[in-house]
């Protein structure tokens, strides 16, 4: 199902080459001020245009169609639509029979029995993350003064991001990236033991973003190599502040009042112009495939603001009464 | 909330030093054969007794109290209880004012306003994972012939697990561990784009297990360093089998018919006998704390079967009609 | 929250005098054929225009904006929008301080702290039922050959519906109505004991329709006066067909293979042109209020197709795998 | 599924002739005082023993097994068990092939493919309502000072309840009943338009009680016969109090600050000792069936406290933050 959240619930829809994409946001407290201008900064951060991102250009104008009256949220579902304008579907036709390696072409075909809208990746397109970013803008307003901030630490294993991406573009290839996200001023006490642990809901939300292959909190995978005496964060005051933050701000599934800190791994964009061998599922023959269409060489460049958005969505769900 | 799942839903309850812990399992197809004997193997794998695990010994006898009739599941909720017998609560009294570093003592106190049952960690105890393993046993029967298998690859960063754990025990310390889980015979087509992606639900479930700090699918964090031409798994037949499995068996949030593969990082057990400095939240003074009670020096030794259980629970949710 | 359903989930949005209303429908099996033409008949049945219905005229053209490709549902969320064109908001201005008796003016103001879009009743308008009817059209296609059919038995307590409504219109008043709904070819075995009983979900869905004040299954309220020997429906064959249908096709919360039969009571439209005394909540003074705006004298005339829609939505939820 | 509620969630389990029945209650605010004594009054009201109720006698001792510590709820799930002791399963054997008219014997067999525990009606037994009443006791403590009170207005269409029931018992027959429920001190503003309207959730909850065949709010079915000028409740002050209460305290799905008022119809107990003709589904032959086992001649006598419980459960769900 394409909904997420209990108290702050988002419902996502649309396809890359259909008329629009959008999101319904339910659970917004009535009276929250909101305008189109609130969306500009985050939508721009997600946008293409920088080297290593797709040349597809969409204006990304959020059309607020319900739930807003006289500049304030009404308490009814907020509906935000983004029209699709700049698409060229013919680029994608070959992929229905010759699935791109690493892409959802094959799995979508199986799941939807061939009826999915395969143009531009359909619902699997990064295009839909525009709507997630929009939901994040609303969530960020709700969770203030909690502040969420993510950035790309490395691309292709290198901190020289620009250079690494340029080399990948030149080679007709793509690269992955490593993103760190930090939320500060998160109050202690959010989360639950077991199923609705903060890590559970946050990981659930973050793995909704296409291309994410890993998430780790605090010391994360390095924790597995540590001893307790190293890993334990000693408390230094009765507010629960700790000397170190190996836990990433969460103990027992519940925030501890220290910054929430996690990293996510973004895989390289699967569509590349370098030729790759793959099967034609109509003929069962192996064929060479060369990616067409417009794609990011490093989708990870655009992911930080999406990670922020999903983090804010989860925090809003916990913080709303 | 302490429930998880849509079609196969588990509800967890109980505290470490209360009379019992248990689980309600809803959504089991009527007619599924089940007996106490089915639980023995997995419950034994989770049990303490090996070096590095707590000396607390519980018989772990699953008491099936509802939902079973004449050896078959009825379709009504299955209730499995485990009585607690071997506990010594007095060991835990100091922790209500002096929270153990790295433990949920502090966060539980904040969240539950001091009313939580803090004896033995209350609901935050590893004891409750007994009930998760029991739910996993039922789920595994439902998803057959899909087979889920997890093992501990390393403890404390070393593949010499036994020796590493022994050294930690001797030092009064603890170590974390790295677990790999593989599910094979998973059919292609399970999952969804976005919110109910296979990675989303699986990560949600796995982060329900206490002490997990990271999860990665396929090449995981290494993907962030790779190029698309390396990471993409080339298809070799029309069933979608691939030459490599960097994706871990999932593309676009949907299984691709290859083995589902992921790793999780388990942090070191926070309670150690080495002295640690921490704050007394009643007096605001720093004090030296030395762990008492009975604890695992390497909880990760017991986690593989719990990871298997949560994986099976998620797959059952997808596979049930 | 403005979503309903597990396997077949609808999310409703929009306000009476905003730019549009609509619905997201999730869970549609990929491959279901669908076109704008499929909606005509049911949307026409809901439409105004007959005597006793509002003179507001909307074209009710369903704009399918996502989830449909080459005439078939894709399996992604289906989005149907209806633009609002013919509205005159100034008619509603007085009601923000002087709540109409029997209307949601007062309760909406309390719940939404005055931020709700009060124009035309905002989200509380019957206008939104257009989207429910659209969802019902899709649901009906899914549940075929199950057939759902509802009709108005009485208006204002009289079977001479047309005449009764005409008299109410002439008097500047309104009347309620009694609707019967029958679903046949419903297979036995749908439903659950207790919380997700068929009556529970159906009543949940039907009470979503504005103005419904009662629902009864089979003999309903008359059952309370009957003896078991009269009320029990004797089975006549091993398919469970019964000689009578006092149960309305449901026993123990589960369909029994006989026609599903229930009745709902629709209250009279609260907005009337006859003067009514009510309080001005700004001044605390009593005032005479005379309804303006355009309203149905007998909203019940338009409700049968909405009841069918909600019934089909519930049955789709049970029937989808 | 056997769970109900979002913020206050109950999960029901057990069978009539299994070892126990019970309920898990999640979402209780930590610190709520609770003791076995709190349950006595409501459990006694539900109990058998009065003329017209089953001679089966259960002590109904609530065993609180988790979620309570030092007399206060901990915030973890509360588990309440009731052991079954006084049952005689052999009475029910004939019904697996010869379904009782009006009972769930047939529908349970279809739904659960014959694997349901049919002894004593299994999960379909009124016995499980003991656990609902227990959940109601907890909910009532949460919603105080809101007060919920239900009573039996009529049995078999007569206000001379005792006499009517006695005549039915003498005749080997059973009778239904009409119950009215009133909740006062309900604050205005609870509920939603459409899917989670107060009537929707309340009807969902109330139809979970076995044997309910109708529910109506305020003037209910009589509303269908009224004119707007009669039905509209005129406001008399700015708190929204009204001169009449035809709406039953709800407008637009949201409470209006007046008493919440509704009635429910309970059908006559299906099991009667009078002979009834029904089919043997093994042989397809018609047979005469005479009810055995121990049953209420008027189950409606015991239903008021169950209706109160489900009402309190719904109100707790709305009132909890």
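A, B, C and D label the chains in the order they appear, each numbered from 1.
Everything that follows uses one rule, which is that contacts are C-beta pairs under 8 Å (C-beta built on N, C-alpha and C of every residue); 3 or more make two chains touch, one makes a residue touch a chain.
Owing to the predicted nature of the structure, the values given are computational and were not obtained by experimental measurement.
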Of all other chains, the one whose Cα centre sits farthest from chain C: B
Classification of the chain B:chain D interface as same or different, half of numbers criterion: same
Where chain B and chain D are represented by their mean Cα positions, the distance between them in whole Å: 37
Where chain B and chain C are represented by their mean Cα positions, the distance between them in whole Å: 45
Numbers and ranges of chain A residues touching at least 2 other chains: 1-3, 12, 76, 111, 123, 193
Touching residues (chain side chain C, partner chain D) in the complex: 1-4, 12, 99-104, 106-108, 110-111, 123-124, 128, 154, 156-157, 168, 171, 173-178, 188-197, 199-201, 203-205, 207-208, 210, 212-238, 240, 242, 246-248, 250-257, 265-272, 274, 276-279, 281, 284, 286, 300
Chain B - residues contacting chain D, complex: 1-3, 9, 11-15, 18-22, 24, 26-27, 30-31, 65-67, 69, 72-77, 79, 111-117, 119, 122-123
